[in-house]
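Following this message is one structure expressed as C-alpha cells.
As written, the chain order gives the labels A, B, C and D, with residue 1 at the start of each chain.
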C-alpha cells in the first residue's frame, strides 16, 4: 500500500507513552510540541502518494506497489531511482530532518541484501528479518532506530562493582513467547512520529555482553516502552514567522526507556551474539544504502544554506563586495563538490551479494566524513554573512498590530527595495538555520548521527585499499637503487 | 558616590520607552524578560560597593571615591588596577556579558585622556565631554553606546533618489537649546539596564554626512527615544536549571529609535563633523582602554569554557582518552595564550598624551582579532566534547515531581559517581553555553562587537610598523650582491 | 600516428633556444638538468604505444589511430575512456607532473567541440584551429601552453606613462605572412619537453589591449622564441636515491621570451579581439575537458600521498597509535572524496554543443577549488607524520662505500624489520614529496596552475544556479505569513 | 671571558669527527657546507663582544663578566635583560636559527636554578652541574644538546628479542674514571659549530632503562664521538643571491654516534636514574627559561615573515587590493599577538626556588603551542602572496654576465619602479624562506623542536589549573537549584 498523509496521521495516534518531562502527550498530532512536525511528515506521505509522482516515488514488485525506498537495487539505474527519491524528500525539508521515512528504510532494505549474514552465526534470524521487511514495506510504515547505549552507561565495571542496575538496554528474561527488555537506548530521532523502531547496537559490544546484543524491530506503542523526549523546540504561541524551520522540521529525539517490555520472538533478529549484533550493519548493505540517503539529505541542506547565504547578502547589499562574492563562491564550490561526491557513488557503484548493486562505499564514507568536518564552518560562514543583522529587528512581528509602531517599522526598517517585513522574515529564517536551539541541535546532529568522529574515521580507514596504495609506492622505490645517478 | 545594587535598581525604573515587539515594558526590574538580568547588574553594583573590595574596585580623587573603571591611568600600576577590576567583574559573569558598566566606562575615560582631540577641529566640544565624564563618575552611572547605523540604511543613494526618510539617525532640527534627532542607531547592548547611552559613529561617514555625525551622551529615558528590544531570551516559566546562563546574563540589545527627540547642547560632544565623529575613538585612548576590557572579558569566558569542557569530559568519562586530553590541552593552550596577550599589554604599555599611559595598542588589537577568529571554533570544540549528551536528558527537570518518573530517572540517568540531576544540570549549562539562542547570540557578538572582520583587520594593519619591518628585510638584502659566492 | 618514446626524444632535439641562466642548453635529452625528465616523457610515449594498451590509450577515426586524449567525447562512455587514459598517465607519474601530453590535449580537443565560438566574433579563426587540431593529433605531438602575462607587466599605465616597452607579449608588426611578436608569456610548464605551445590569454584583457590578444599555437623552436628556464631542480651528481621524484618528474617551467618572432597566419586562432581571446576557453569545452584531466592528475597524487603517509607510519611504528590511525583515516577520506568528485563528473555529465558531451562543469570547478584549498594541508600532514625522521639520516647514501661507516649505519639505523637503507630510501622519497624545491614548487603549482584563488572561486560563482537556489528559499518563505501560528 | 668571533672560529677547529656522508670534514670553518654558517656564529660572538653592547649582552658577577644568557634571574628586570638579549640575537638571524648560543645557555642556567633536584634522588650530581655551568660561562662556550633517541630505536622489545645492539645511546661500561658510551642520540642542531653538547633524555624512559639515563655535557671533539651531518644545504658554487638564508643560517643538524666514547665522571650529571634523567628539565627552570628564548626567536621570525610578505605585495603591486591588505593585517595580528604572549610572560612572571624568578610557564607553553600549530599556515600565506612569481625569473642571476640576455632581462623583468635584479633578489629571498630545503627543514623544526605535538600539548595540560577552573563552574552551578524560577 501507499499510505496518504491523513492515513499516516491516524495511524500514529496509537497510545504510545510519549513524555515531555513529566507530561504525558496524549496526541502528538495535536500537541503544540509536535503537531506541526506531524503535518510535515504527513505532507511527505502525501507527496509520495501523489499519482503524478507514482513512477519516481514508488515501484512495483509481484503486482504490488511499494514506496521506492524499499527497492532492493539490482542495477545502476535502480541506484539512481533511490537517489532521486531521496533527493525529492530531502529537498522537501531542505535536508533539515535526519529521520524521514526513507532513512531507516535504506537500512532495513540494506539488511535484506545479504540475509545470509544472519545465518552466518548463532543468534541471527534471517526469516524474521525478511518477514519484517515485507511487513513494513507492505504497510508503508515509517520506522526509525535507536542503536546507542546511554552515555553514562558505558562504564560497565562500575555497575558490576556497585550492583546497581545497568542502564543499557538488555534482555532480563526470556520465555517461549519472546524476551523481556529493561533499560535505555539512545537516541530515537523521529520516534514521536514513526511507527516502528529498530533497537540494536552500532557500537562494539564486549563478548560477554550477550544480553545487550538484542536486536529487534518493534512498534513504538509497545507496552512497557516509554519515549522520553528531549526538550521540544516548538511550543504554544511560537509563530512560524519567528521560527519557520523549527516549526516545520523539529523531528523529535527520544530516549527509549524500557520497563519490563515484552518483545515476541518474531520481532527479534539478533539475540545473544554481541559480534553479530554490530556486524549486521557493515556486512550487509545496510550502512552503505542508508548513508547514501544521509549524503543526499546533507546535499539538499547545502543547497538551502547556499540559497539563504546568497539571499542574505543580496538583502544586505553586500553581495557584490569582492570578498563576499568569494565567500559565496567558496560555499558554492563546497556544495557542488559535495553533491559530486554523491553522484560519484553511482558512477563507481559496486556489485554486492547476490545480484545486487550498491553505492560506492568509500565515497559514501568520505562524504559522511566531509559533512561531519565541515558543517560547523558552513554555519559559521552564514553567521558571518549575517553580521549583527538579526538583532536589529523587533522582538516580534506583532508590532504590525500597533499602528504607530508599524509605521515606524515600515519606514525605518525597509531598506531600499527590500520591505521591512520581508527583511525580518529572511533574517528570522536564517537565524533559525544558524542560531536557534533547532539550529544548534543540527550542529550536534551532523557531527554525531553516524557516530563519533573516531568511528566515522574508522569506517574510512578500514575501507581504504592500503595494500594497493603501499604497492604503488614500493614498486616505484624498487625502480631505482642506491647508486643510480639521477640527473644524467 | 558608589551606588549599591538596590540604589541601581531603583534608578533604572525611570520611565524609559522599552518595547518587546508591541509590548511596552513598564518595569524592566520585574518583567520576566529582564528581571533576572537586572538582578545580575545589581549584584555587580553590590560587589563594587562591598567595603572589602574598596581598594580594588574604587579609587579616590580630590577627596571623593569613584568606581575604579573611571580611573585615568598614569602608570603601569594604574593599568594593573584597571585590569584587575575588569577581571573581577568579568569573572563574575564568566565573560558572558559584553556590556558591564566597566565597558563603556573605559571608552569614556579614554576619551578624556586626550581631550585636545575635541579642540582640534570644529564641532568637537571638550568641555561638554569632561563635564559628562565628571557627572557620570560622580553619579556612578552605567552607560552604554550605540554607534552603528542600521544595516539597511547604508545605501544612502537609494534614499536620496526616492526621497524616503533615511533611517540612519540624524539631526533634523537645531535650536538654542539643542538638537532634534530622528532615525535609528544600532545596537545598544545593555540598554534595558543602563542609565545613559552614547550615540555616535564608529564607521566612517562621508564628508557630506554632517547631520549624521552627531555624537552625544543621553539618558535612556529621554523623551522621544524608544528602545526596541530584540527577542529577549528569558521568558516567564523558564527555569534557571534549564537556561542558567540565559537567565543570569542576557544583557539585552536594543535598537534606538528616535522620534523628534530633543538633546540639549551640553550633551553633545561632536556636531557637524563626520571625520571627527569617528576619529575621537582612535585618536584618544577610548578604543585602547575600552577594548582592553573586552580582552579581559573574553579571557574570563575562555576560562569558563575551559572549565565546562573539562567537567563535561569528566562526567562522560572521556577525560583520560588521549585524544580528548589533547583537545583539552589545546583549549588550555589557547586560554593561556590569550590571557598572556592581555598581560603583554601591560608589560609593553605605552605613554599616551599628557602624563597618561595606555595598554599596548597592537597587542590589544591582536587579541581582539584572535577572539573574533577563534570563538566559533572554541564553541565547536565544546560541542564535540559533549557528543549527543544533551539530548539524552528529559525535556524538563520537572520529572522529579513525578515519583515513578523520578525513580526511573535517578536509576537510569545516574552514571557512576555522577547523579542524574547533576549530570543534567551540567549538560543544560553547557548547552546554554553553546546551543541556546543566548549562546548563538554570543557567537555573533564575538564576531561583530568591535566591527566586521575587515574593520578589525584594518586596526591591525594601520598600527603595524611597516617601515621598520621593511627596513629589516631591505637591510639584509643590501648585505649581499649578485656576485657573492655564498657557501665558500 | 602513435609516436614511440625513441621517436619522441629525437623529435624534441629541434634546436630550440632553451636557457638555464646564461647557459644555452644544446640538447635537453642529455643535459643533466633535463635528461631524466625527458626519459620520463619518453616512457609515457612508450606506454601509449604499447600494443597491449592500444584500446585504452588510442582510438580510431577515419581509419587512422590517434592518442585517446584527442578523442572528442560524444557519450558518457567516451568520457570514461578519456578519464581512464588520464588516470593511466597520471598514475605513472603519481600526479606529480602537471603538464603531461594529455593535459593540453584536453584543452585543444575542447576548443574544437564548439568551433562556432571562433566564428562568433571577428578575429577568431575556426579553420586554423581545426587544422591545427588535426595536425597535432596526426603527428601525435605534445603541446603545452603559456597564457598569463608576466607578473610585473600588469601595470599597463606605468608603461604608457614612461614609454618603456611593455613586457607582456604583443603583436608588434603584421604582414601578409603573419604577425611579429615581442614580449613575454609566463609560464610554460613542460616547455623544455613539448613540441608546440599555445600562446594566449586566460586573464581578462582590457578592450584596448588588441595587440595582446594574439592567440596562436607554435613550435617551440620558432626562431625568435627563447625559453628561459627557472632554476632546474636536477643537476649533475644528484642521485635518484636522494631525490627520486625530482629526478623523474621535474617537468620544467619556462618563461617564453619573444624577440621579433614571426608567426604565420595559419598558426593564429585569435587576433585583435581581447574578449574572444579569453572566452574561447570558457565558451568551448576547453576548460572543462582539460581541467577534468587536472582533477584526475590530482586524484593520482592524493593516492600517492596516502600511500607514502601510510608507509612512513609503518616504518616509524606509529601506524597503530589511535591518533595516527585517525590521521591516516582523514587522508583516506579526503582521497576517496576527491576521487568521488571526479567520478561524479561522469555520472552528471552534460550535453555540449553539437552532439558532444562534457564532464559536469560545476563539479569539475569544485574539485579544482578543493585541491587548491587543501593541498598545503595535505603536505603538512605528511610532514607531521614524518616527525624529524628525515634529518636523522646521513647526508648521503655514499656512506655505503666506506666499510666502517656502512657497518655503523646498518647496525644503528636499521629499525626492527626495516633495513637502514630502506628506511633512508623511504624518508628521502617522502622528503622529495614535501620538502625539496621540487616539492615546494608543487605547493605553489597546485595553488596557481588554474589561476589565482579569486579566479578559481569566480568560476565556481558564475556557474552556480543562483536563481534556482534563491527560488527554493523564496518559495518556502511564501508558504507562511506573519500571523501564522506555528506550533499549533 | 667574552669571546670574539675570531677566537670562536679558532676554538671550534678542534678535530671533531664531523661527516657529510662518507666525507670527513677537516675544517668546518672553511668547508663549503659549513663556512658561511660559521661566519654567522662568529658574527654573533662579535656582536656580543662589542663594547657598545656591553651592558645589554653581558653581566658582571664576582668581578667577572659573562654572557648575559648565563644570568640567573632574580627579578622581573633580570628577565627583561635576558629577553632583550635573546631578541637581539634572534633579530640578527631573523629567528631562522634555532640553536644560537643563548638557546642551550637558557637550559643550562635553568638547571642551576633548582640544583637540589639533583640531590633529590640517587644518580644526580649537583656539584658536577654547577661546576660545568661555571666552566661554560667562564669560557664563554657555545653548547647544544641531543636528547632524543633515534626514531627507529624506540621499539626496545625488538632488540631484546633479536639480540641486536640497541641503537639508543647507553652506558656500556663503567670504571673509576667514568663511563663508556655506545649508540646514537638525535638530533644535535648546531653541533657542527658548538663547543659542547648535553646528551640526555627529554622523553620518558622506562624504569629499567637505567643505562640509557646517562646525562652528561661533553666536548664535541670527544674521542669516540662522531657527528653525522644531515645533508647540508650549502654547497660550493651556490650563490648568496640565490639562497641568502640557506647561506647564512643553515645551523646544521647531526646525529651523534658514539663508539666506545669515554666520558669522565665529572661530566656526568645524571646516571642510572631514568626518572630523574627526564625530570631535571621540568622540575628545574631549564624548560621555562630555555623555551622563553624559543618564543623570542619565533617572534623575530614572525616579524621577518611579515616584512617579507609585505614587501612581496609591494613589489607585485597587490598590496592595496583589499583582500591582500586583509591578509597582511591577519599576519600583523598574528605577529603582534605572538609577541604579546612573550611580554605577558614577563608581566606574569613567577617566583621560583631560592630567590629566583622565571617567566610565566603556562604562557610560555601556550606560545610554543601556538607556533607549532601556526607556522605552516604562515608559510602558506606567504606562498599565496607570491603567486607563481618566483618561477618567472631566470635560473640564475648569471644572465647579467651576458650582454644580450642582461638587456632582455632588464627590459622585460623590470616592473615599474622595481628593477629586474631587485625583484629577483626579493623573490629568491622569499623562496628561501618558504620553498628551499632550508625552508622546509624549518617547517619540520618548528613542529618538532620541543617534541611532538602530543608532548607540547601535554605540557599545556599538566600546567593548567584544572581544580580552580572546575571550582568556578561548580560554584556557579551550586547557586541555583532544580526548582528555581529563572526569569521572574
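We take it that a residue touches a chain if its C-beta (ideal position, glycine included) is under 8 Å from a C-beta of that chain, and two chains touch if they have at least 3 such contacts.
All figures in this text were calculated on a predicted structure; none of them were measured in a lab.
Peer 1: Of the pairs B-C and B-D, which shows more C-beta pairs in contact?
Peer 2: Result of the comparison of B-C and B-D: B-D.
Peer 1: If we define chain centres by averaging CA atoms, which chain lands farthest from chain C? Would you check?
Peer 2: B
Peer 1: Approximately how many whole Å separate the CA-defined centres of chain B and chain D?
Peer 2: 40
Peer 1: From the C-alpha centre of chain B to that of chain C, how far is it in Å?
Peer 2: One centre to the other, that is 50 Å.
Peer 1: Considering chain D alone, which of its residues make contact with at least two other chains?
Peer 2: 242, 322-323, 326, 397, 453-454
Peer 1: Could you list, by residue number, the parts of chain A that touch chain B in their complex?
Peer 2: 19-23, 148, 150-155, 158, 164-165, 167, 183-184, 186-187, 226, 228-232, 242, 253, 255, 257, 259, 316-317, 323, 376, 380, 383-384, 386-399, 401-402, 405, 408, 411-416, 418, 423, 431, 434-437, 439-441, 443-445, 447-448, 452-454
Peer 1: Using the touch rule from the top, collect the residues of chain B that touch chain C in their complex.
Peer 2: For this pair, the touching residues of chain B are 322-323, 326.
Peer 1: Okay, in this complex, where on chain A does chain C touch?
Peer 2: 32-33, 35-36, 91, 94, 234-244, 246-247, 303-304, 306-308, 310-311, 314, 322, 325-326, 328-330, 332-337, 339-348, 360, 362-363, 365-367, 369-370, 397, 400, 421, 425-426, 429, 453-454, 457-458, 460-461, 463-464, 466, 469-470, 472-474, 476-477, 480-488
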